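There are two complexes below, and they share chain A, which is joined by chain B in the first and by chain C in the second.
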Partner chain A sequence: MSSLSNLPPRRLGRAAAPLGWLGPAIALIGFAVLWPVYEMFRISFQHYSPDGFLLGSAGFRNYTKLFQDPNFGPIMLRSLLWVGAVVGLTMLVSLGVAQLFNQRFPGRRVARWALIAPWAASVMMTAIIFRWMLDPNTGALNLLLRDLGLLSKLGTSQADWLGRPDAAFAWMIAVAVFVSVPFSTYTILAGLQTVPAEVYEAAEIDGASPSRTYLAVTLPLLRPAILVATLINVMNVFNSFPIIWEMTRGGPGYETNTSTVYMFNLKQNFIGQSASMSVVNFAVIVAMVLVFLRVSNWKKEVA
Partner chain B sequence: MAATSAPAPAAARTAAAAAARTGRPRARRNPPRPRTMIIAAAAYVVALIFLLPYVEMALTALRPPRELLDAGYLPRHYAWSNFSSLWSTGIGSNLRVSLTVAGGATALVLLVATPAAYYTARRRFRGRTAFLLLVLVTQMFQPTALVVGIFGQFNQLGMIDDPTALILVNAGFNMAFAIWILNAYFGAIPRELEEAALVDGCTRLGAMFRVIIPLALPGIVTALIFTFIAAWNEFIVALTLTSTPANEPLTVGLNNFIGAYSVDWQHLFAGSVIATIPVIVLFALIERKVVSGLTAGSVK
Partner chain C sequence: MKQRLAAAAVLGLSATLALTACGSSSKPSSSSGGSTSGAVAIKLVAADYGTGPANSSQTYWQHVADAFHQANPNITVQVQTIDWNDLSSKVQTMIQNKQYPDILEGLTYAQYVQDGIAYKASDVLDAAALSNINPIFAKAGEVNGTEYGIPWTTSSRAMFYNKKLFTRAGISSPPTTWDQLKADAKAVAQKTGKTGFGLPLGSEEAQAESLLWFLGNGGGLTDASGKYAINSAQNIATYQYLQGLAKSGATEPDPATKNRTDLWQQFAQGDIGMINGSPALIPIIQKAGVLQSSGYGVVAVPGKTGPLTSTVGVADYVVALDKGDHRAAVKSFLDFAYSDQNQLAFDNEYDLLPATTSATNSMSGNPQFAGFVKNLGTATLYPSSQADWSTVLTAIQKQIGTAITGDPRNVLDQIQQSATAGQ
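Let's look at the complex of A and B:
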């Protein structure tokens, strides 16, 4: 304050000039992003009745209740499994799809466009389609599995996938992979464009086999693209809500809740505990942001 | 370039003709080789897998209600009337809310992000890095994690069921993408062009509107479409901040077709088709530029 007021008027004007340009953006971030962060912390220390009346301060009771909740441990483990499985499978599939779509073949552009659909469409609607296609009696996916004879091989004639927690969770992982692959594939395709053709020619001259070339040349050069796609996917998948919400609501019981879905389920009746769950999720996200900032060279990029 | 590294397939003839016209050397005309055909077939299968759920969505939207319980891949009759009867379910007001929220958020983002992106692209000043870091961090935060706080905030402000609340939240969380894309476009425009306009008697603002904005138009269109789609598809905040069906955007409103005992599948998917097709077409227009905006600040 004092250092600013000591400045001669012209220099003060210069120091304040960016505010005219950046001010609205900063104000919007403050209002829409930072205020909710503050609110979330505030609510997590308050005691609300199930129908939403404020009963006073709760101290740390919302947190202790959450940590003693028998669902909490399994839900955190399941969230870890969810993120690990979805992101791992997404990256594996995307590496393959990107490699395929990087080849030259007639109709490549149209084929790439098809990949856009799950990326552009609302995830909530995609989740509902899969719920419909998995309908035990009429779902197209079930018809397909039956016609291929897979249903009986899987040892079940009754295909109520979403009614059984393990099967439901596996299908939801598949749907999450389905909606994450397009972005990851496009990012890897962008990475493949940056690999100069000369390195492939050099590898060919050296007599490297295609698989050897891929492992020793392509993959290392794709490292930045793989890294950034992985990190963005981790963030998105951890925050993923509509897939589980639309397909099982986290049920049966709490057996397909992730921490994000659990936060929402708690919100209906236990907003204080929901806020403390939210703070835990937020801490995980902040940790991921810090990792992201460490491994990316954002400073060089914005300079 | 990769153009010469792989054998040219069926399009070789036209491509070779084009190459002849532009005078670029071109590989010999080859008939499609088996390898190319296998690759193409595999790629079409993959493409089909990613499209089929949306085809199923459209097919179900066209199923007559009495065929919904039939176990068959295709409907036996096509009920286009599902789309006309959809309007009597009150979906029109949901569509209007979606348009208001997505349109409002897009306008607000452009209004706020354009000056910020322009200034950070053109000037080096104290606090620039801090500002860009703030933008990068907000890009990584998603409203999902903060939804309890968002609810508390707008509950206090008395803005539950108010589309303005949805406009503000969507704009706040999607502004970062617009800033990155616009920053890249503004940064690529040579200063000399702007200075020339100033010498010719343009004001700073005049130069911005006559020189900078037209040149950055592809970036502006990308930011515009991306923000619109993101706000159009947003679900959890709308689910949290609305409480009456007429004030819900499509993503939430469509869920009202899912009842406790039965689901109005044909209308649910007719509404989904209406909500999805425009968005896929819009997205196809900006497809190539989206990756750079989403991964800004990290790869290079």
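Let's look at the complex of A and C:
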């Protein structure tokens, strides 16, 4: 095989022709993916004033400051909890809902459409509506609890849902699950519809119980769909910003920040540190995806 | 042949695409005319003090800009007002992108002096107008002895209390000390089921509430020499008291997440017994229509052993930013804007206090404001001339409320550490 430079001009042109079609895509990737990544790394080693004036190189100081920040450890742990809880609960709920929607029942079409709503609505809007519903004085939830006579038992502090970091975080996980379920359900539903009816017949003839059929036939055949949905959810949820920002702004203090929200909080005054936080986020997400692909034996299953 | 041509065309196209895209991250736009054509457009970004579209500051500033344009037809002032909650982050983004306005109202100014983009006050305001500025606040606009920040509007703080709730709780006179305040707030909470004391320590204005309490215990944000002293023993003791106050059920739940705007509304609705406020709370009370003017009282903020002799005074500053060739236009606009007429129109609209001595004097006859005006003379201000004040301010706003649930010493130590890291 001869290298490109040895080719006569006409053959070189022909060999390069595919570049014409790939060019726009390559340019787009270069401009929208590679260039920002390069900038992110570059900025993370520089010292900026809060107003964005370059004050010189920072060496590794942005990173050492970030790692010494007392908020950093808890925020990273919280981010992992956030991803684990949201993705785990989403997948469990979606498996159930998809199974339900795979049955024939009157009004199934309408029900399937309705499921799209939380997905189609703007996430920010959904988060704001939940914030209003959880308002301690005028929110729908507390009005309902008051009418049921349960509010006084809780006490004002317990019923301040977004005021306490633990309760706020639990509610935000619930909202994140709510907006992630439709996509995962549809992915699993699509997977369910590819399972041929014959394998269920075979299972029935072999006398398998329904639970046995589900565990030994349905779940293994759903594996590719579950893998795709989980992988996309992991990336989406880790990068999720609007739910937390709109419901608590990461407060009180930094006690409901995930690393994505913290990156934004840092940006207001510490541009270099914010860039180093996003480098850390970038590394985390690449690592999570690689580990996930490795564990799930991605190539054999899906590609 | 055809194929090659197409390939070349596509490559060329994508190259232009990439190039034009790169070109968009440019310097401040030069579309604003400049001195060559004679016509100049300058941009003003200001905080929105309004409570809704009806009294938006956009209307006020547009009115001033139109009147100014009529007198000076070759200068146009573009006005943009931004909600308080988003103001600092939006302006920060403008500055970071080098798309900043000529005139900025409502924020801190000292960091722009450090950046080298702020005009001296004397460069953009007439000497006579400058000497008419309230001297205490003008002094706080100085960096190293030179004035950069020009106070636009001022206010001072006092404690508002709901007389009806006090009567129902059996309290005869408003508290003057912390012990009385705690007892009264608990009485209101227990006997009326309403919030005893509204304590807004959420990020909106935690600095004002905290400073009011620090002053009550002989503390403050800085020591006598002007250095940050956020974790002083007095301040830690102050937050230990506040922690007890919140734990006793005398305040709203979770003060660290509650903002001033919301709590002021609740006070106006008659749901809070006591709250610290500025004259700007008065129109909110009037608009809600629940409390008559005899239904609430305004007294000095209680301190540990007696009422504050020096309360918190707040000024919002105008700062002019250097964009090259707009200085003359900016100066003639500011000379115009700082007239008594414009000052009084603004402060009457939003129930704030003027920044100029002559306008203040004409307002001190108004009984509603007289007390607040008197307090201006002895007020304690934020250390706004420190170059890193805006960074420290963010740290206070975001974190200080957590001293209610966490260890006050840890929280204040952490803020102090971030405040002195830059010094």
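Operating definition for what follows: the second predicted complex is superposed on the first by the 266 of 303 C-alpha atoms of A that agree within 3 Å, B and C clash if a C-alpha of one lies under 4 Å from a C-alpha of the other, contacts with A are read in each partner's own complex, and residues count from 1 in each chain.
Simple rule for what comes next: a contact is a pair of C-beta atoms (placed from the backbone, for glycine too) under 8 Å apart; a residue touches a chain by one contact, two chains touch by 3 or more.
Just so we're clear, the structure is a prediction, and the values are computed from it rather than from any experiment.
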Fill in: Per-residue contact with chain A, leading partner among chain C and chain B
B
Worksheet item: Should A:Val37 be classified as contacting the first partner (chain B), the second (chain C), both, or neither?
Response: first
Worksheet item: Is A:Leu219 in contact with chain B, with chain C, with both, or with neither (first, second, both, neither)?
Response: neither
Item to complete: For A:Leu150, select first, second, both or neither according to whether it touches chain B, chain C, the two together, or no partner.
Response: neither
Worksheet item: Which partner does A:Val199 reach: the first (chain B), the second (chain C), both, or neither?
Response: neither
Discussion item. Just checking: does A:Asn137 make contact with chain B only, chain C only, both, or neither of them? Give me first, second, both or neither.
Written reply: both
Practice prompt. Determine, under the contact definition given at the top, whether A:Trp113 touches first (chain B), second (chain C), both, or neither.
Written response: first
Discussion item. So in the superposed three-chain picture, is A:Leu54 touching just chain B, just chain C, both, or none of them (first/second/both/neither)?
Written reply: neither
Discussion item. Quick check on the superposed pair: does A:Trp21 touch chain B, chain C, both, or neither? Answer first, second, both or neither.
Written reply: both
Worksheet item: Touching A:Asp160 in the superposition: chain B (first), chain C (second), both, neither?
Response: second
Worksheet, complete the sentence: chain B and chain C footprints on chain A meet at residues 17, 20-21, 24, 26, 31, 137, 271
Worksheet entry | Residue ranges of chain A in contact with chain C within the complex | 13-14, 16-17, 19-21, 23-24, 26-27, 30-31, 49-53, 70, 136-137, 156-157, 159-160, 162-164, 248-249, 251-255, 265, 268-269, 271
Worksheet item: Which bits of chain A are touching chain B when the two form their complex?
Response: 15, 17-18, 20-22, 24-26, 28-29, 31-33, 35-43, 97, 100-108, 110-126, 128-130, 132-133, 137-138, 140, 143, 178, 181-183, 186-187, 190-191, 193, 197, 200-201, 224-225, 227-229, 231-232, 235-236, 239-242, 246, 260, 263-264, 267, 271, 274-275, 278, 281-282, 285, 288-289, 292-293, 296-302
Worksheet, complete the sentence: Residue set of chain B touching chain A in the complex reads 1-2, 4-11, 32, 36, 39-40, 42-44, 46-48, 50-51, 53-54, 56-57, 60, 68-73, 108, 111-113, 115-116, 118-120, 123, 125-129, 131-138, 140-153, 156, 168-169, 171-173, 175, 179, 229, 232-233, 235-236, 240, 251, 254-255, 258, 265, 268-269, 272, 275-276, 279-280, 282-284, 287, 290-292, 294-300
Practice prompt. State the interface residues of chain C toward chain A in the complex, per the touch definition above.
Written response: 3-4, 6-11, 13-15, 17-18, 21-22, 88-89, 92, 95-98, 111-112, 114-115, 202-203, 249, 252-254, 256-258, 266, 271, 390-391, 394, 398-399, 401-402, 405-406, 411, 414
